[in-house]
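What follows is a pair of complexes built around subunit A, which joins subunit B in one and subunit C in the other.
Right, the complex of A and B next:
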């Protein structure tokens, strides 16, 4: 589904990603871990098409298309979804109105008819159960005055509504208490299918107790320096990142 | 160039939609302004002597007045001798009903999306259409007349209801009030008159559409709305003009009189031609709008969506004379390219327990300048007066300006006055967030701007709100990309 080859990206001339290679197939869950500043969020942003990052080298194909060639909105319409680490507030625009615009633009791109108000609301009702989100929250201005947990839950709710084929969760666990973490993870797990894939970007192993990855990758200094299964995450939890840093840094000096 | 700028650059390319003009035979005054011209206009309109005298008095006062310069706008001064003060489509005779109106003139309104016939049937909105200097058609007159409501062109009102005109004309905005009001009083040609008798709730929205078509012609219309005791009316005003290279002057006066327990809601969607992207052409919109809550418990509410005009100078105001009376001002003013707007309100608290509420939302893009200017005045005997003002500015790009000039003048210690102000920018983050959900940038901007202006748009009647939302998006189209 997603194939990243030798991806290099920089911001304002400073290289952040220095040759990422990653293959994600339908039905898989990949976790991207790594210390602060290793490039995890940059990778998520580059895939979603945030324009302050400049791709200097490499290629990314998504369902056979050159992903980097697509505008951010077209990437979304093709099925890439980014759950933001810091969801943005849009005053005066209700989540419902926002999502209706989004869902219908995505449907239009895919050659589907726009959903009328009734159909849209019944779809919403169905998806609301997944993340135990309250109707009242969705009538409020998007993310405005939402608690950290509400924002993240709303992200996953949007994901449920848009039914993406590739979901990238950027530090979705940050700022969540244990109950919110459980609810959000439940939502993600229920949305999992053989046809879609998930990339979980996280600093801590905690989230991976709930969303169990098929593969774990460690990002350090803009490269994937170690890949493994979920046991790798446990090892990291126990030992921290220093041993990996040492391994990488000493290899570099040899 | 930052990303923000680039976004803005691309979003400013939509052209003005109503820029066309139509050729029809006109009946017009010679160019220039003097007492002879005023007599000419008055004779053309077959006015009574008292009105001619009133006009001449206004003209003489105007000649001694100075053009105001305190507004935060700059523009080449208007040469009043180079304007034409009266231009009317030639009609064989005065139309008695819509069926008799020249179809060509109705076609102009059809093209603006204001179908007089359609509207007549479907929406239940009574419309008065003013083209250049005269009213071409008024719908629903019969239905309204049964309730004793008068809704007609100003000229007609002068002929048929002279006692009302004589009583209220200039009672809220005196002819000498300010430079442009004096000019308007001297040369006004037409406009709408609306009278709601005691105890009547007007069952439909009353609406006037103003259109400037002729070149080099000023539009000076006058609107007078009178709501007697316990009356209610909601009034809508819309305006467009052709795209012309030279600037055109629009200097209107609107007066509202609300008696005891009366309520008047006045909504405007102003879409005069704003000039092109280089700032050439466009309408000078120098308008005086004022209402008086003369009776106790009366209420006047102004809602305006200002998207057009090259230069706007406009302060719809309320004089809260009656005890417990309420004044409201809800405004969205959008400026793009080289547009300049200096707009706001005055709330004059005279009666006891009077309340006012001001919600002003400015949106500036391109190289435009957008100023809010507001005055809250609490007089000595206005015990327990309350005011709440909220002035927000939204900036798009880094070459536009937003300014706030609030004046507060309190002469009674029991007054409670609150003022809140914010300035924000449409963020790249917000746009990216929308993009990431599959929403195209133009739609994202429309969504964000409409969300920002929601509190004001909510005040508009439904059909108008939809139109206003589209207009906001259209005005800003191309200012983000």
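Right, the complex of A and C next:
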């Protein structure tokens, strides 16, 4: 579904990603871990199309299409979803209107009929249950005054509404208490199917107790330096990242 | 001083003035020549070179005579969904035949009103010019305890007819406990540039409630100075909403004098500018007594080479304890060439007051734009959505539903297509 080959990206001339290779197939869950500043969020942003990042080398294909060639909105319509690390507060834009516009633009792109108000509301009601989000929250302006946990739940709710084939969760666990973490993870797990894939970007192993990955990759200095199964995450939890850093850094000096 | 004042260029205006209010006119003329039109460096007009604009664009300083207005034109000018009364002005002159006026309110030519007692000629050269040379004045009086249920739409038809100067002069009085809403819409006819120099004086008595909404969307022939000044008494409320969408050069002077305790003055404005449109909002709130409140919110979106000016003066006198005064001006610049000059000006002499002001100027929030795009919303539409969210806050202060809806549709259309 997603194929990343030798991806290099930089921001304002500073290279952040220095040759990422990754294959993600339908039905899989990949975790991307790594110390702070290793490039995890950059990878998520580059995939979603954030303009500040410049791709200097490499290619990304998504369902056979050149992903890097698409505008952010077209990536979303093709089925890429980024759950933001810091969801943006947008005063004056109602959550419901925003979502209806988004859902219908995505549906239109996919050749589906636009949802009328009634159908949209019933879809919303159904998906709200997934993340136990309150209707009241959605009658407010988008993310405005939401708590950290509410914002993250809203991200997963939006994901449920847009039905992406590739979801990228960028530090979705950061700042969540254990209840919120459980709710958010539950939502993600219920949305999992044989047809879609998930990339979980996280610093901590904790989230992976709930969203169990098929593969774990460690990102360091802009490269994937180690890949393994969920046991790798447990090892990282126990030993920290230093041993990996040492391994990589000493290999580099040899 | 502008050459317009030093030479005889403006003489036709004074010669064209009727004989009524002779002492008021004489006084104003004297005041006008003492002040002169604002010079290039005049502080109050330094960002809006209206005198220079007039020198360049206006060649015939005769008062424009009334033109031909048909019922059809009036019908077309009334926006969809409007339910209320219609007052037609023809280059400043009331057209009773074409109007539909509420019977409980009196409308007449100015006669014994104390013109110049609210908008004082000594304070501004354009006010002085109007008072010295206006042709037709209109007096509107809402008797006490009269609540005019539906809004009064002032359709101000303006057209050069040889003379290119139009100077509407309106006196509005709301008696004790009276309530009334005005919606002013100017329709510019013909191809020639017009200089409109309007004075509206509003007197709100005890516990009165006056709303004055304005839509400035005349197109680029409009060179306009609008002077609205209001005195309100105890327990009364005045709200002005000014929506500016087009024009060549527009200067709005809005002055609000809070003269009685527990009075409330609200000033809201939205300017969406493109091309070379220049809109200047100068507002002034004078808190003279304790326990009064003023709220002010002006927002602007500027594209192309447009220019906006906001100057908000709040004056809290020593006696005006327990004053609440709030002011906010926010701007979004959409192009490198657009300019905004904004200046909050608070002068506070009382020591027990709550006053706040803030102004921001920025660009469209790129992070918010990306967030919307990342959810599949087209970039152009996402921009429109964000800009409307910004602008919509001002429109929420329009209480009349049909005018609110009309402004929403105009603004949405503009944000979707023009920007």
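What we mean here is this: the second predicted complex is superposed on the first by the 254 of 254 C-alpha atoms of A that agree within 3 Å, B and C clash if a C-alpha of one lies under 4 Å from a C-alpha of the other, contacts with A are read in each partner's own complex, and residues count from 1 in each chain.
One rule holds in what follows: a residue touches a chain if its C-beta (ideal position, glycine included) is under 8 Å from a C-beta of that chain, and two chains touch if they have at least 3 such contacts.
What you see is a predicted model, and the numbers here were worked out from it, not measured in a lab.
J.: Taking the superposition on A as described, I'd like to know which of subunit B and subunit C A:158 touches: first, second, both or neither.
T.: both
J.: With both complexes superposed on chain A, which partner does A:189 reach: first (subunit B), second (subunit C), both or neither?
T.: neither
J.: Counting only touches as set out at the top, which of subunit B and subunit C does A:76 meet: first, second, both, neither?
T.: both
J.: Should A:3 be classified as contacting the first partner (subunit B), the second (subunit C), both, or neither?
T.: Touch partners of A:3: none, neither subunit B nor subunit C.
J.: Subunit A residues touched by both subunit B and subunit C?
T.: Residues common to the subunit A contacts of subunit C and of subunit B are 48-51, 71-73, 75-77, 81-82, 84, 87-88, 90-93, 98-99, 101-103, 105-106, 109, 141, 158, 162, listed in rising order.
J.: Under the touch definition given earlier, write down the residues of subunit A that touch subunit C in their complex.
T.: 48-51, 71-73, 75-77, 81-82, 84, 87-88, 90-93, 98-99, 101-103, 105-106, 109, 141, 158, 162
J.: Could you pull out which subunit C residues touch subunit A in their complex?
T.: The touching residues are 365-368, 370-379, 381-382, 385-386, 388-390, 392-393.
J.: List the residues on subunit A that touch subunit B in their complex, please.
T.: These residues of subunit A touch subunit B: 48-52, 71-73, 75-77, 81-82, 84, 87-93, 97-99, 101-103, 105-106, 109, 141-142, 158, 162.
J.: Flag every residue of subunit B that touches subunit A in the complex, lowest number first.
T.: Answer in residue numbers: 3, 427-430, 432-441, 443, 447-448, 450-455.
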